[in-house]
Amino acid sequence: MFFASDNTSGAPDQVMQALLRANDGFSLGYGADSLMDRVRGQIREVFEAPEAAVYLVATGTAANALAIASHVQPWHAIYCHRVAHIEEDECNAPEFYAGGAKLTLLDGADGIIDPHDLRMRLAGASNAVHHAQPGLLSLTNLTERGARYSVAQIAELAAIAKSHGLPVHLDGARFANAIVAEGCTPAEMTWRAGVDVVSFGGTKNGLLGVEAVVMFDPARAREFELRRKRGGHLVSKHRYLSAQMEAYLTDGLWLDLAARANASAARLEQGLIKAGASLIHPRGGNLLFAQLPRAAHRALRAAGAVYYDWPGDHADGPDDELLQARFVASWSTTEAHVDRFVTALAQAISG
Amino acid sequence: MFFASDNTSGAPDQVMQALLRANDGFSLGYGADSLMDRVRGQIREVFEAPEAAVYLVATGTAANALAIASHVQPWHAIYCHRVAHIEEDECNAPEFYAGGAKLTLLDGADGIIDPHDLRMRLAGASNAVHHAQPGLLSLTNLTERGARYSVAQIAELAAIAKSHGLPVHLDGARFANAIVAEGCTPAEMTWRAGVDVVSFGGTKNGLLGVEAVVMFDPARAREFELRRKRGGHLVSKHRYLSAQMEAYLTDGLWLDLAARANASAARLEQGLIKAGASLIHPRGGNLLFAQLPRAAHRALRAAGAVYYDWPGDHADGPDDELLQARFVASWSTTEAHVDRFVTALAQAISG
Amino acid sequence: MFFASDNTSGAPDQVMQALLRANDGFSLGYGADSLMDRVRGQIREVFEAPEAAVYLVATGTAANALAIASHVQPWHAIYCHRVAHIEEDECNAPEFYAGGAKLTLLDGADGIIDPHDLRMRLAGASNAVHHAQPGLLSLTNLTERGARYSVAQIAELAAIAKSHGLPVHLDGARFANAIVAEGCTPAEMTWRAGVDVVSFGGTKNGLLGVEAVVMFDPARAREFELRRKRGGHLVSKHRYLSAQMEAYLTDGLWLDLAARANASAARLEQGLIKAGASLIHPRGGNLLFAQLPRAAHRALRAAGAVYYDWPGDHADGPDDELLQARFVASWSTTEAHVDRFVTALAQAISG
Amino acid sequence: MFFASDNTSGAPDQVMQALLRANDGFSLGYGADSLMDRVRGQIREVFEAPEAAVYLVATGTAANALAIASHVQPWHAIYCHRVAHIEEDECNAPEFYAGGAKLTLLDGADGIIDPHDLRMRLAGASNAVHHAQPGLLSLTNLTERGARYSVAQIAELAAIAKSHGLPVHLDGARFANAIVAEGCTPAEMTWRAGVDVVSFGGTKNGLLGVEAVVMFDPARAREFELRRKRGGHLVSKHRYLSAQMEAYLTDGLWLDLAARANASAARLEQGLIKAGASLIHPRGGNLLFAQLPRAAHRALRAAGAVYYDWPGDHADGPDDELLQARFVASWSTTEAHVDRFVTALAQAISG
């Protein structure tokens, strides 16, 4: 009953086997391995973007910070949602990599940026040197509240950004979950909708630790390479990153894994609803936010369920106080895990 | 006949098996995995430093840059050898992480800092605000020229640094090779000699990609943790780093691997000498720099040998021009590899 | 009828004469001039802070950015009002100087931070490494909306900050105007209320370009000096800064100048009210924000009045649309200026 | 007998009068003053560069750091002489402004870069991402050792830089002294010789504190403006900078001042030679480095002479030990000052 985060799960067998295969013999480092050539081809094919620049790094924070920094200047404002991972969960990494650029926060329900808010901010921006200059729009799909931008929503926001000359970044730590749930192609969710650069996540969806940065306009590729090295994110034994990503993209494994996670989350959602829990945000993929009485939380924990109170820790208080929590399903969450949790939940509620 | 770099080799079976074992089930992320507790204990034991702060990152550049940045200020000068990895091979990562600090370069044969040079520089430093302020001494062992600091040499340099209040960093990307060759303990080469913080390398000695940062005074541990996260170097599925390091430190595997690499380099050295090649620097462990006629290089390459011209590429020129090259043996270099190379070399020279 | 900004005014005769006097002969540079000794003493006396560290710089942005950077780390959040000068008008200078720290924006009427908002933010802050760590509270008095924090309000906010271990910075670009209007001492508005470091403005109140940074705890003085030099803000012919500040502080000139500006603003306020304009924010000193019909703005401009539409430019539109504007009185604003404006306003309204 | 530095002198009457004139009335801030329009025109005329972008800042360190940062990236190497002001006397300001770029030091007698050294460094540079990438060449004229690059020397170095695609910066803190001594035009010493951007000094040559940055290709003008503001170097009451520079450039005042300083230095040089002192570097303008016995230094100081031991302080030692010192003449150094010093020197030597 482990629903703490999708990064608490392991890697599927195909990925581990790929690592073992990649371990054989000598291989040039720093991305000059032949596996990387194959990965580059795969990603270009997946995104229908034959010119895209493709790079691998080991963490999502690195992917986001490097992708963004390669598209802004230190005097820029980076527009993102108030609850974006780059704002809340990266300890100022975007500011660090972007030389002290500013994150300017936008509002909107469920972690989805309200186009009106973006439009107003950009309309109010001035090019006087006193002010941070508009620099980039960063979206997150799935959002940090588990909701999902539709392709149309991304396209609308990207169009606003582009009408002010801003490039668009997509934090796709849960890109696979979003794609599967939306039922669209990667191209539709990205460059066809106006996205310029994607953090294409692998870690939360079953890899040991690999994210790709995909830049549809390769003009900044060289800058990215230098920034990656300067950030200490160019891995010497790069074949181990390549191997993971290669397995991930072979035979649609990445989509299968995400489909499994989403299905588990859907099953969990049904269980929560049936038990009378209220859901806080619409489920866009494999994340759920639900509200339960403190007594139910306590009983679930006692039964072995693991998940995060959200936000913060729920200190002591009345048994019937409603408290929110986040539940994340991963590719390795099984029906049995979910059912065990749902049973425990039913007992917790009734008890 | 692959002598390009020790980071072109794979990982030994014990490490791959440890990865497979670690893959099982759910595990808390970001260093809260139980394997990390074990690794912390192992490293403290190996270094006889029960209070040391211990962190893992995935690249040597990250280890160095974070270790150094946690001990200096942006207005500091970081003293290092002219050919140090932090100066020549990290694309300004130390300057980036240290907020624009300056690397001040010292001289000395074979990549070993001349104590006289350090003494003169520090004697000439002024505390006037116009100048970069002395900040930290960084040593590299093995050096980038394959030589080795003795414990006494480290102690002498560290004593000079400390007499001016400077902390001492040791870039130990090839720490294991140095320890084995020097025949001393990790404590002797580090804190007992005055070193405050070590980049304890694993990648070049058989891991997929893990380096530990070991801080003997844990006072800056919290700062390190925040810098690591801000740099995008806190790995979410941390167990995969822990597992590698745990296997590395179990039953002295790390020392065995280094001993193998050093032995291969010694065998190669004999072959080179026998063939009449001149060695450029004294061999401290598993790196060799040798000089051969262009014709011999050409014949070796034709026979399938892989290694780096050093420095730069050797463009066309007369057959008998003497050109330098670097040869690196790794844990996976076999006697057969070496012997095949030596045979090819004999033919190249005689041919 | 020049109400654009208090930085559009010149300097009073006493300051210019001091400059001429200071110009005589040779003088050691970089703050080693004897005038600076006198200034240091004056400021310590004015603030009743005999241990305070005192430094001069030429711009308000430098004063703020250096003062703040000397008290935070790059992974920190700097709490300030949404309309603070450091957020809106310094082109990311605070982020630059603080190595990529984040400005976290608070709300509250009239540019005054709501203590409840601060309390909630700090209560919600976590010390997990994923998040920006609470770093510093920065207040602005007078606020950017012309309102004034009372001593009690400053003390309340500072107490909240300090209960979480945060230092407090006061952006006092219009400190003199606030002091005069509040009728308190500099000590009461600063260290006695819990402020640790002040940007003590001179430029907006009659100097050519000098701001003092006053640190009540001199522990970070050395760091400030190095940051100032590294920022290019250590002036070689420092005597010209010292001379201005010395004249400013002699015989209470600084208070007289501010009193004049405040009185002119009060007179202007009366005129505006009498003419039926609505005031947007309570007047705390020498700034006014008022609302007038577009037609009145147009007539005033035609009559030669200079002031800023606020916010942004007021494009064409209906004559009777109410539009906001900012009016700033300076030490050199005369009764005649104000009266001429008020007359023009009466005509504009009636016309 | 004040020969400590040219920044210890005051400003000539023309400059002070210009300040007084500029003080009258209201004036728009931040460079929008009408005086700045005039200054821009003057500088373009002086440099025969009608398209040049021209900006004023208050310190030489700001001018250098901003000028350089506007032409490099954080992963760049900035080539300069080992004793350049940007390396030795700006407390890492260039590194700070350039986001952590690296200063790579070149050798050459008298502070003049040896073209061979530059050529070898650039020939040895690699475009592999591991290394700092060649970014910019920065020259200093007069050099920090008082020597002077000829126009031909500048052109030779600039040509080498440009053959590798590098822009060229000229630190002209003593540009006027160099121009007057070289007997060439500003255009000849700068853009006609391949210089892209100049720090055109005023402070050391008689201003209170103003340096111009002149960019012959205005393509980076906008970036410079934003960097200047972000660095806190955009002065609000900008008219006071403009007024100084306007007076400086009117009727060739700047050249007259430099000619006076150079003449005083020449007179001093004669006196030193006559007294038997050895000169360390060829005199290029208004700086001298000479060697005298300790006893002579002591006697001169006792007689009231002020100048810097160079390098460092000369601690106690034998009377006849030869010690170096730096002597700087400024526009305000008079023949009487020099003669008084020469007399004292004769007595010191004979005594």
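Per-chain residue numbering starts at 1, and chain names A, B, C and D are given in the order in which the chains are listed.
Convention: contacts are C-beta pairs under 8 Å (C-beta built on N, C-alpha and C of every residue); 3 or more make two chains touch, one makes a residue touch a chain.
Just so it is clear, the structure is predicted and the values come from calculations on it, not from any experiment.
With contact taken as defined at the outset, chain B and chain D are each touched by A, C. Set against the C-alpha centre of chain D, every other chain centre is closer than that of A. The mean-CA centres of chain B and chain C are about 51 angstrom from one another, to the nearest whole unit. Taking each chain's centre as the mean of its C-alpha atoms, chain A lies 34 Å from chain B. For this pair, chain A with chain C, the centres built from the Cα atoms lie 42 Å apart. Multi-chain contact residues of chain C (touching two or more other chains): 74-75, 90-92, 96, 99-100, 129-130, 133, 226, 229-230, 234. Contacts from chain D toward chain B in the complex involve residues 74-76, 88-92, 95-96, 98-103, 105, 124, 126, 129-133, 311-312. Chain D contributes residues 30, 73-75, 99-100, 129-130, 133, 223, 225-230, 234 to its touches with chain A in the complex.
Of all residues in chain D, those touching chain C in their complex are 2, 4-5, 7-11, 16, 19-20, 22-29, 57-62, 65-66, 90-93, 96-97, 203-204, 208-209, 226, 229-237, 240, 306, 332.
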